[in-house]
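Before anything else, here is the set of structures, which you'll find just below.
In the two assemblies presented below, subunit A is common to both, partnered first by subunit B and then by subunit C.
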Partner chain A sequence: MAWTEYLTPLLAGAWVTVQLTVYSTILGAILAFAFGIGKLSPNGLIKAVSVAYIEIFRGTSLLVQLFWLYFALPIAGQVIGLDLRLPPVVAGVLALGLNIGAYGAEVVRGAIQSVQKSQYEAARALNFTPRQALFGVALPQAIPEMMPPFGNLAVQNLKDTALVSLISLGDLAFRAEQLRNFTQDSTTIYTVVLFMYFGMALVVTALMKTLERLVGRWRYASN
Partner chain B sequence: MSDHIIKFDKVGKSYGSLKVLDGLDFEVKRGEKVTIIGPSGSGKSTVLRVLMTLETINAGVVYVGNEPLWHEQCNGALVPAGEGHLRKMRQQLGMVFQQFNLFPHMTVRRNIAEAPVKVLGLSRQDANLRAEELLEMVGLADQADKYPHQLSGGQQQRVGIARALAMRPKVMLFDEPTSALDPELVGEVLNVIARLASEHDLTMLLVTHEMRFAREVSDRVCFFDKGRIKEQGTPEELFTDPKEQRTRDFLKAVLDA
Partner chain C sequence: MLFGIEWDTSSELAFAWSILPILLIGLWVTVQATVLGFFVALVLGLILAVLKAAPSRFISWPARALTEFIRDTPLLIQLFFLYYVLPEYGIVLPAFLTGALALGLQYSAYTSEVYRAGLEAIGRDQREAARALNFPAAHTFTHVLLPQAIPRIIPAMGNYLVSIMKDVPVLSVVTVLEMLNVAKIIGDRTFDYMVPLSMVGGLYLIMTLVASAGVRLLDMRLPKQGLPLK
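Up next is the complex of A and B:
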């Protein structure tokens, strides 16, 4: 088989990888903001829940989280009489998103805390509510700070999607393994796959750079 | 009904064993322009920060317009105030900060208009109009669409003044407004403050090291030392004929510098 013949099945797998990456990164971003802000909440319960989420998902292996959602959760559900079987795509997106969200939450928290205290004082002097100070003053300054670490996490997430092939999801890594079993042509297949992951990572990096410029437009204004 | 808009009644404030305000008694009349001078650590900035509700107090009562600032009446007793009361009281005060503290992600216009929209409930259009009038007043009408980092320090501080005025406070607090500026930019900021002082019946409280300026604009100068007022009087009295040795030493030190 010529290497071009691998492209069709591999591209089909790459498309699944793209979808997994996009959905789980969006889920992760939502979780990151929710729990990153939650960790700074004056409300003890919200803070405790946020800390628990962050520590649990940062402190356990992504692979185990994935297996737990896909294999263990349905059995646990059976015990209490609920059907908790998840389609592989849902389990994959959930595990990846929950994992990346925990790391992202720490990025969000750190960026918010790096906003100078004097900014909060100015907001208070103008009688903004704490909520208005957070969303109107602190977050718009913190978000551009979050973008470089978010970019790292997004690329990390793209590469982590390869793990979902272990729950028989037809992503790029899964297709590669299938082809290899069929043709024994490991070198060609894995070289093509390497370049495909690398190409996708470049796209993710470029997208995050664009986003970074977009959310920090005010920084680049010049006379 | 007294004509005092601000009154400190035996106010104490300490950090651990360090007393920043030590049983301070201090009153300001409606419309009065008062300058606070004194060595660093004498509690002069703390007076402004307590009024702006950026720092709490440990003892005594602060009144703004006859109402306790940090306390609420509850069954005839004074209890620590809740956020609702603080918000209502804060409405009467505006503050200009040493480091300007403008919002870097907002244009100059938005810096000024944001609080009137979000806090006072003005329409964006009315708030922008108000912002532009104020920019005219501080001589920056052509800078409305710039971001703070595109302006000089003196221009930024004038925006800071406009931003505080946009909330229509009854009392303006200036916390060393020119201390962070290059010497050649001090004048433009002082001019704006001086005009404000002469053209409005606004009550003004100013912490500064600009002695000549203090002399020109203020009705009264207070010399702070160790968390209390050591000496006060008209600028004429205090600068030409200080009674206290401590005041003389301080004035000699800063005027010789």
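Up next is the complex of A and C:
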């Protein structure tokens, strides 16, 4: 078989990988902002929940989290009388999003804390509420700071999607393994797959660079 | 039964207690894979860093491209690649060694950047002073640059050590019996995945918290001006 004949099944898998990456990155971004801001909350309970979430999902392996959601959660559901069996797609997106969200939360927290103190003092002097100071003053300055690490995390997330093939989701890695079983042509298949992931990573990097320019537009306008 | 140790399914607590020694056998494999993978990453990363800093563009450019390629492709696929492709060229390694090699390869892309940043952070004046004192290049490297670079490098390297530990479960796909794989087998046989998988999560949390605290402690105790040469 010529390597071009592998492309059709591999591209079908790559499409699943793209969807997984998009959904879990969006979920991760939402969680990152929620818990990153939550960690800075003056409310002790919100702070404790945020710290616990971040520590648990950064401190354990992604594969452990994925297996836990897919294999252990249904049993935990049985105990409390709920049907918590997740389809592989949901378990995959959830595990990836929760994992990358915890890393993102630390980025969000760091960026917000790096906003100069004088900015908060000025907001306070102008009688802004804490909410206005956060959303109107701190975040617009912090978000451009978050973009480079977010770009790295998005690529990290793309690479991590390969692990969902282990809960029988038909992504690129899964298709590659199927093809290998079928043809035994491992060198060609895995070389093609490596380059496909590399290509996707380059696209993700380019997209994140564009986003970085978009959210930082106002900074360069004045210069 | 696994590794000759029976489990007790009379209650969840008894079950958890009885499989703990089995999981600890897996944990030991995880630790070994982490250490070996880290060692490979340190060596390969140094080689990549030196190549990337080469004066000739014909060496530095391919080295940079290779680093980017390794960094942008998943560990799982690299592992499969090494596991299935190396034997076709007559290199047959045990699964554990192939796994440690894949871990080391993936993280060499990251460690090479740490070396580069650590060496670049040292001011030019240090090199110039060494030159003015007529130090040979090798002596400059081992006695001037390295002692100052190491304290800057160690915290970042420590973080990658923890990351490698969290990536070891990926090796289960090539039959390495690390902790997650052991827990999965226990789950397959008892139909109770919750207890073993939750225990693996808990053990991981303990390991990463201890390792991170260790890295922080080491970082605090390292002299910021460089290691004393005695």
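Keep in mind that, in the parts below, the second predicted complex is superposed on the first by the 221 of 223 C-alpha atoms of A that agree within 3 Å, B and C clash if a C-alpha of one lies under 4 Å from a C-alpha of the other, contacts with A are read in each partner's own complex, and residues count from 1 in each chain.
By definition in this document, a residue touches a chain if its C-beta (ideal position, glycine included) is under 8 Å from a C-beta of that chain, and two chains touch if they have at least 3 such contacts.
Keep in mind it's a predicted model, so treat the numbers as computed, not measured.
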Combined model on subunit A where subunit B meets subunit C, clash or fit: fit
Which of subunit B and subunit C A:136 touches, first, second, both or neither: first
First (subunit B), second (subunit C), both or neither touched by A:166: second
First, second, both or neither for A:197, with subunit B first and subunit C second: second
Which superposed partner A:218 touches (first subunit B, second subunit C, both, neither): first
Subunit B versus subunit C as contact partner of A:127, first or second or both or neither: first
Touching partner for A:61 - first (subunit B), second (subunit C), both, neither: second
Partner touching more residues of subunit A, whether subunit B or subunit C: C
First (subunit B), second (subunit C), both or neither touched by A:119: first
Touching partner for A:76 - first (subunit B), second (subunit C), both, neither: second
Contacts of A:23 with subunit B and subunit C, given as first, second, both or neither: neither
Lowest C-alpha to C-alpha distance for subunit C against subunit B (Å): 27
Subunit A positions touched by subunit B in one structure and by subunit C in the second: none
Residue ranges of subunit B in contact with subunit A within the complex: 52-54, 87, 90-91, 93-95, 97, 99, 101-106, 114-115, 118-119, 146-147, 149-150, 163-164, 167
In the complex, subunit C residues that touch subunit A: 69, 71-78, 80-81, 84-85, 88, 165-170, 172-173, 180, 183-184, 187, 192-194, 197-198, 200-201, 204-205, 208-209
Touch list for subunit A against partner subunit C, complex: 55-56, 58-65, 67-68, 71-73, 75-76, 79, 155, 159-163, 165-166, 173, 176-177, 180, 186-187, 190-191, 193-194, 197-198, 201-202, 205
Of subunit A, residues touching subunit B in the complex: 118-119, 121-122, 124-129, 132, 136-137, 140-141, 218-219, 221-223
